[in-house]
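Structures incoming, each one as structure tokens.
First chain A sits with chain B, and in the next complex the same chain sits with chain C.
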Partner chain A sequence: MIDEKDKVRSTEEVISTLKIFRDEVVKKYPKKVARKRAKAIVQSDAGAPPEIQANVRTVPGIITQRGCTYAGCKGVVLGPTRDIINITHGPIGCGFYSWLTRRNQTKPEAPEDPNFITYCFSTDMQDSNIVFGGEEKLKQAIREAYELFHPKTIAIFSTCPVGLIGDDVHRVARHMKEELGGGINIFGFSCEGYRGVSQSAGHHIANNGLFKNLIGRDDTVRGSLKYRVNLLGEYNIGGDAFELERVFEKCGINLIATFSGNSTIQKFENAHTADLNMVMCHRSINYVAEMMETAFGIPWIKVQPIGAASTAKMLRKIAQYFGDPELVDRVEKVIEEEMLAVKEAAEQARKRTVGKTVMLFVGGSRAHHYQDLFEELGMTTLAAGYEFGHRDDYEGRRVIPTIQIDADSRNIEEISVSKDETRYNPRKTEEELKALEQQGMEFNEYHGLMTQMEKGALVIDDLSHHEMDKLIEFYHPDVFCAGIKEKFCVQKMGIPLKQLHNYDAGGPYAGFQGAINFYRDIEMIVGASIWKEIKAPWESEEYVEATFAF
Partner chain B sequence: MENTCNLCAPLGACIAFKGIEGALPLLHGSQGCATYIRRYLISHFREPIDIASSNFSEASTIFGGNKNFNTGIDNIIKQYHPSVIAIASTCLAETIGEDVHRLIGEYRTSHKRPKDLPLLFFASTPSYKHSHYEGFLLAALAALQALADHRSAPRQRLNLFSNLIAPEDIRHLKEITDDLLLPSMIFPDYSDTLDGVFHENYPRIPQGGTPLEYLRSAPKAFCSIELGYILNSAAPSPGEFLRNLFSVPSLRTGIPIGIRQTDKFFDFLTQIAGKNLPQKYVDQRGRLIDLYIDGHKYLAGKRPLIYGEEDLVVALAAFATEVGMKPILCASGGESGQLEDVLRKQLGDLFPSDMRVAQGVTFDDMKNILNDNDLHPDLLIGNSKGYFLARLWNVPLVRVGFPIHDRIGAQHLLSLAYKGSSILFERIVNALLDDAQRNSSIAHKYM
Partner chain C sequence: MLLRHTSDKEIERKALTINPAKTCQPIGAMYAALGIHGCLPHSHGSQGCCSYHRSALTRHFKEPVMASTSSFSEGSSVFGGSANLTAAIETIFSVYSPDIVAVHTTCLSETIGDDLTQIVSKAKEEGKIPDGKTVIFCNTPSYVGTHITGYSNQLSAFIKFFSTATPKKKNVVNLAAGWMEPSDMREIKRLAATMEARTILFPDMSDVLDCPLTGKFVMYPPGGTSLADMTATGDSKFTIGLGAYATEDACVKLENKCKVRFEVIEIPIGLKATDRFIVALSRHANLPIPDDITEERGRLVDLIADNSKYFYGKRVALFGDPDTLIPLTEFLLTLDMKPVYIVTGTPGKHFDESMKDLLNEKVPEAKFMSGERADMFRMHQWIKQEPVDLLIGNTYGKYIARDENIPFVRLGFPITDRPGHNFFPNVGYTGATNLTLKILHGLLEHKDRTCPEEKVEFQM
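Let's turn to the complex of A and B:
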């Protein structure tokens, strides 16, 4: 939570006007919609987070921020891996719109290493495929891709019509695996756009696929460093993964796999040789963490290396987990070294940022993680919410048993995972885990966004366009964080918008260097004089009249 | 297919819908389509773009989307008060066989006061058929089909169907018809809606767009001009529709880029207006010629790869060849089958004997066509998606068309008529000069 001294009056204002805001904002909706939306607008209370409605179907016609299942599966989770050929089975739009639009970056180790993320592979379905089936076209696309690139792995992603016409992408995958032979790995995802409430369904489907088809296929223990970790839910937007890789390396920590920023097939296949899983984006990847714990005995912790202090906290957690004094010392030294530049940058930025306010409506984690950075800048979060979060992302994992399973969740395959007979190896004994817990470490835990927010601040799930307009009209935050769809509406209202999906042209924002970048970008945004120039001098009432002096 | 050179039909439909006064587009299908298409259009136009969705779930996919459709319309009306709700279908709705005309009819009849409802109309744009270009034209056609009213009084007005061009191009066309004192309907006119100014009070539905009254009375205009030789080969174009149904004479010319195509366009306009070309445009033509003379030495013999929608490719190729360039390949994702014929006809004796024409191709095909023949373009002229090819060959890319998401100001790129051609000509020459300076071992100050 923000430092007492950085606090501004507006939080109290928000709190006092919250009830009015909710009533005012839902008034515009037809009755039934108003009732539904009111449940998704609550007042935060870190001590006792109130129940919020989340992960339910968007009301048609209200213009949501949300995307589709396909976007979550292909666009988010599998998209950033450079050496898988991702073929979109469907009409051209879906593949085209997810073609590098998230600004994921990747860096092949050698120039000759494969990198397919700059490609858009699609079956470009035509009406004859809709009528007569598209499986043959898909097979042909796989053959073509294979002949051209000889990839080790090909993944197939289903779009809406695929499910409707009954094309079986899994059957095609099996068939082609046999036909092409040579140990090629081909698998499909049933991630048709209509399948879930939002992209969140796609994440889950992708997680299942990662576990079934990639994780644990290669037992080779790689790397010489003894502290072996995975980072889950990091997608290397704007180079975030590069910065985190740098920090880990400096600390002597061996990052086995990142899911899935700057990743490769081999890293996924090797991930089960790590000794600790760290979950960054809880929403999109917690399933993999859970499954790997069950199958291989790797514990997981929640981390949020967005913000310099939070990055330091993550490193300390790792050191604490491995319990090696040598690592503890090294981590402390790195933190000390890195924090010098961070502090200097923060001081510079804080001259302009302290006391300013912000709203964040993005992602299933980012609306939470970026509050750390804003706190470091002395800025208060007045309102926040997720596009595709679930209740546990708001209220903490403790509510998971009480979440009602609806038809939409049932729609997603739950794969049953059991102990891997040969490779299950609990990394810590029960006693060791208990001892670590007593020292303050928390395993399999995420407390959610509301625990971080000021008491009374607004929390809104699946913000609609209308609600966004009203938020700005009521509270005039100094910065609004969302994505490109919201950017220009917000800016037309005279409020700067920072994109936190793809960082505009910026980044990295993770780790220590990332924090510095973020401070500078936010300082630039809140300090930009352009917002004062919106009114021409002759429109302003304080227009000063003067005469020429000769 | 790898790296296609076209986008899906509902995206094109949404651009055309934004060119109708007071309209809000609704995509009937999964919410992902509306979200993806919004984010994609916004990254080009850098403007707020609201597109509603009927947010299909698995249940609506099985039992039909009428409930979602009705709720969607209710909510749009309540929040946006649009005068038109322009509906396009996605592949999901089309595959399960949604009858959107029936849904509209049912919605209207179930409404207490159907007269108070906004106009609802529908364009069928399954994404597995054609591309964004046909989607754009189908949506324009659907708007006319829904609105055109033969009972309107005759109008002294020209219908100008302006194709998929930049907002700045649309504004320039308006300036031209104004200067010729030729009352015109430019459709679809998204010059304000997709390139708005800063308002103190941000309007939910942006001002501007082709007035509904103009669309209603379009059958009573004295003439139509359509820009684009190919347009939609599978359905009547807006001009053909008005001609076939209401006997409005319809002329067709290319997108006016370069001297010859612009001359042709102005020839039509001045004849219709019964006036000589205003001096302003005579001067602009003169300056363009002057510019060609200044700059042709940099372009002579240069071999660009030109790609994009078919009609844009024709316009760019006509322009490129008249300034001395010899396109190495003219390529399009469009599949009319007419591209080569139209190019031969429009380029005439300027059609380079070794110029390749390929349609229905992807960026990867373009790469292969050239690489297989050991060819190498000097530059690329087309949208941002050619970036990877430009990088591969290490040549400049001059951005024209849609999408342009790696530069700002796509909405302000004027390329039409004499003035736009001058700007385009300068951009191409300067891109080559910049490239030459950057890669030169000696520091050239004068080029």
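Let's turn to the complex of A and C:
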């Protein structure tokens, strides 16, 4: 939560009107829609988070931020891995729109190392494939991809018509794996766009696929035996993973795999040799963390290395977990060193940012994580919400048992995972875990977005365009955070929008260096001169009066 | 290397498309629908389609792109999307108050076989469509044709739903705009105004996707062809279609429906295509060509003549949409350049025939291809086999340009990494001037940076 001294004087006034806002905003909806939307608009209370409606279908016709299951599976989770050929099975559009559009950076170690991120592969289905089935074309496409590129791994992603016409991408994958031989790994995802209610279903499907087809395939223990961790739910947008890799290396922490920023298939296959899983984006990847704990005995903790203080907190948690004084000291030294530049940059930026207000409507974790950075800038979050979060992302994991599973969630395969017979190895004993918990460490826990927000601040799930319009009209935040579809609508209103999906070609924003970048970028946009020039001189009242007087 | 796996060895591909020079139908319908005033495009399918299309258009235009979706769930995919569309229509009119909703289908709703005629007329009967408001629709299955096909289908829908013939023909020429930038539409209107021709341009994205920053968001910006104008296209005496792939079908439909004769010419990119446009407009509007236009043309000719030595014989690779590539290829030939590799993902004979006519004699070594698997990967392989001096295409071309160290001119859709294409037209003599300068700057910048030090020139 924001520091007392940074609070805007009028916060409470602002908040007192938020209730009125909800009533006002739903007025325009048809009755049934209004009732539904009202349940997705609540006022935050960190002490007792209210129940929010989340992860339910968007009302047709509502202009939503949300995308589809394919986008969550192919675009978000599998997209950032460089040495895999991702073939989109479907008409050309889906592959085209997910081609290089998420700014997942990647850095092959050698010039000859595989990197397919710059490529788009599609079966480009035609009407004859819809009528007669597309399996043969898919097989042929895989043959051609193999002949041209000899990849070690090929994944197939289903688009809407594939499920409807009954193409079985899993059968094709098995068939081609056998036909091509030579140890090639081929697997498919049933991530048709209509499954689920948002990208979130795609994350879950991708997680299942990662676990079934990749994690645990290679037992070779690579690198140092000490401090072995995985980072889950980090996608290297704008180079975030590069910065976190730098910080871990400086601390002597051995990062085995990142899911999936700057990643390779081998890292996934090897991930089960780590001793701690850290979940960054809880929404998109918590399933993998859970499954790896069950199968291999690797505990997981929630981290949010967005914001300098939160990054330091993450490093301290890692040190505490491994409990080695050598690591504790080194981590403290790194934090001290890194914080020098961070503090200097924050001081500089805060001259312009303290007391300003912000709203964040994005993703499934970013609307939460970025509040840390804004707090460091002394900026108050008036309203926030996710595009595809679930109730646990808002209210904390404690509510999971009470979430009702609806038809849309039931459609998504739940895979049952059990202890791996030979490789299950609890990294900590029950006693050790208890002791760590007594020292304040929390395992398998996420408290959600609402615990961080000011009492009374607005929380809205699956924000519609109309609601966004009203929010800005009512509260004139100094910065609005969302994505590309919202960017220019908000900026036409004279308010700078910071994209938190692609960072407006900026970043990295993770870690220490990332915090510095973010401070500068926010200082730049709140202080940009151009926003004061929206009205022409002759459009102002003074000018008109002066003209008449003249 | 960014495209490190691309080699010069082509294999016969039958199924795999790599780095497409096209995208799918619905985005074209969405773009075209934005060119009608007060119209909200509606995507009848999964949420992802609408989200992807809005994102792609926004990245290109750097402007708000508003559209709604039927938000299909698994249930709607099994039972049909009728309930979703009906609910959407009700919600849209109550919340976003457009005058027109332009529904287009997707591969999902097409595969299910949703009958839009029936769904929309039922919504009308049930009073879900307020008086004075209109819901139009077109079929844009993503597995047929490309984004250009979708654009064309949306234009045909405008004709089907709006164009009306009254007994009285008016001395007006319809201009059916192919896929071009708002700046191009502005330029075409300027040329028509200079000629004092009475025209109706449809669709018209100027003042829709190039709006000023005013401090206010306007859901339906002032631009776009008005409903009145769109209706009146049936009373015009002639239609000029700009770009066969995007406009011919609409022209034919308008002739069949309202007896408005038509001629389809190329999008006026380059000197000769602009000449043909000016002549066609002059003839059909029955107006003389003013000196101002002749002078504009003269300035362009002057620019090309002065710099012809920089263009002569330079090998060019280009990719994009056929309606753009045909006049662009012709223009490159006017510059005495050699368009050697040309690919478009949009299928159709007209492209192949036009290329044959244009290139057979002048550049017999040229390779061109259209349709499935006429993709950027193939073009890059050709470049690997024998290099080029210049690449022209959308932003995806920059990966090839960097790997092969060739100058790159951005033209087409999408251009996501540079602004300005909604300010500076590519059509008309002004557009040809812009293009000539872009090409020239590209070539000379490259030479200045890569030639030996002793060869750096202070002057031209």
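Methods note: the second predicted complex is superposed on the first by the 539 of 550 C-alpha atoms of A that agree within 3 Å, B and C clash if a C-alpha of one lies under 4 Å from a C-alpha of the other, contacts with A are read in each partner's own complex, and residues count from 1 in each chain.
Heads up, the rule we're going with is that a contact is a pair of C-beta atoms (placed from the backbone, for glycine too) under 8 Å apart; a residue touches a chain by one contact, two chains touch by 3 or more.
As the structure is a prediction and not an experimental result, all values here were calculated from the model.
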Practice prompt. Following the overlay on chain A, give me a clash-or-fit verdict for chain B and chain C.
Written response: clash
Discussion item. Looking only at contacts as defined up top, I'd like to know whether chain B or chain C touches more of chain A.
Written reply: C
Worksheet item: Who does A:K28 touch here: chain B (first), chain C (second), both, or neither?
Response: both
Discussion item. In the overlaid three-chain picture, which partner chain does A:D420 touch, first (chain B) or second (chain C), both, or neither?
Written reply: neither
Worksheet item: A:P114 contacts which: chain B (first), chain C (second), both, neither?
Response: second
Item to complete: Applying the touch criterion given at the start, work out whether A:D45 contacts chain B, chain C, both or neither, answering first, second, both or neither.
Response: neither
Worksheet item: Looking at the overlay, does A:E147 come into contact with chain B only (first), chain C only (second), both, or neither?
Response: second
Worksheet item: Common interface residues of chain A with chain B and chain C?
Response: 28-30, 33, 57-71, 90-99, 101, 118-127, 129-130, 141, 145, 148, 159-161, 163-165, 193-195, 197-198, 407-408, 411, 465-466, 469, 483-485, 487-489, 492-494, 534-535
Worksheet item: Which positions of chain B touch chain A when the two form their complex?
Response: 1-4, 6-11, 26, 29-40, 42-43, 46-61, 68-69, 71-76, 78-79, 90-92, 94-96, 126-129, 131, 196, 198-200, 202, 204, 388
Discussion item. Under the definition above, what is the set of chain A residues touching chain C in their complex?
Written reply: 28-30, 33, 57-71, 87, 90-101, 111-112, 114-116, 118-127, 129-130, 137-141, 143-145, 147-149, 159-161, 163-165, 192-198, 407-408, 411, 464-466, 469, 483-485, 487-494, 534-535
Worksheet, complete the sentence: Counting only contacts in the complex, chain C reaches chain A at residues 1-5, 11, 13-20, 22-27, 42, 45-49, 51-56, 58-59, 62-77, 84-85, 87-92, 94-96, 106-108, 111-112, 141-144, 146, 211, 213-218, 345, 372-373, 377, 396, 399
Practice prompt. Within their complex, state which residues of chain A touch chain B.
Written response: 28-30, 33, 57-71, 90-99, 101, 118-127, 129-130, 141, 145, 148, 159-161, 163-165, 193-195, 197-199, 407-408, 411, 465-466, 469, 483-485, 487-489, 492-494, 534-535
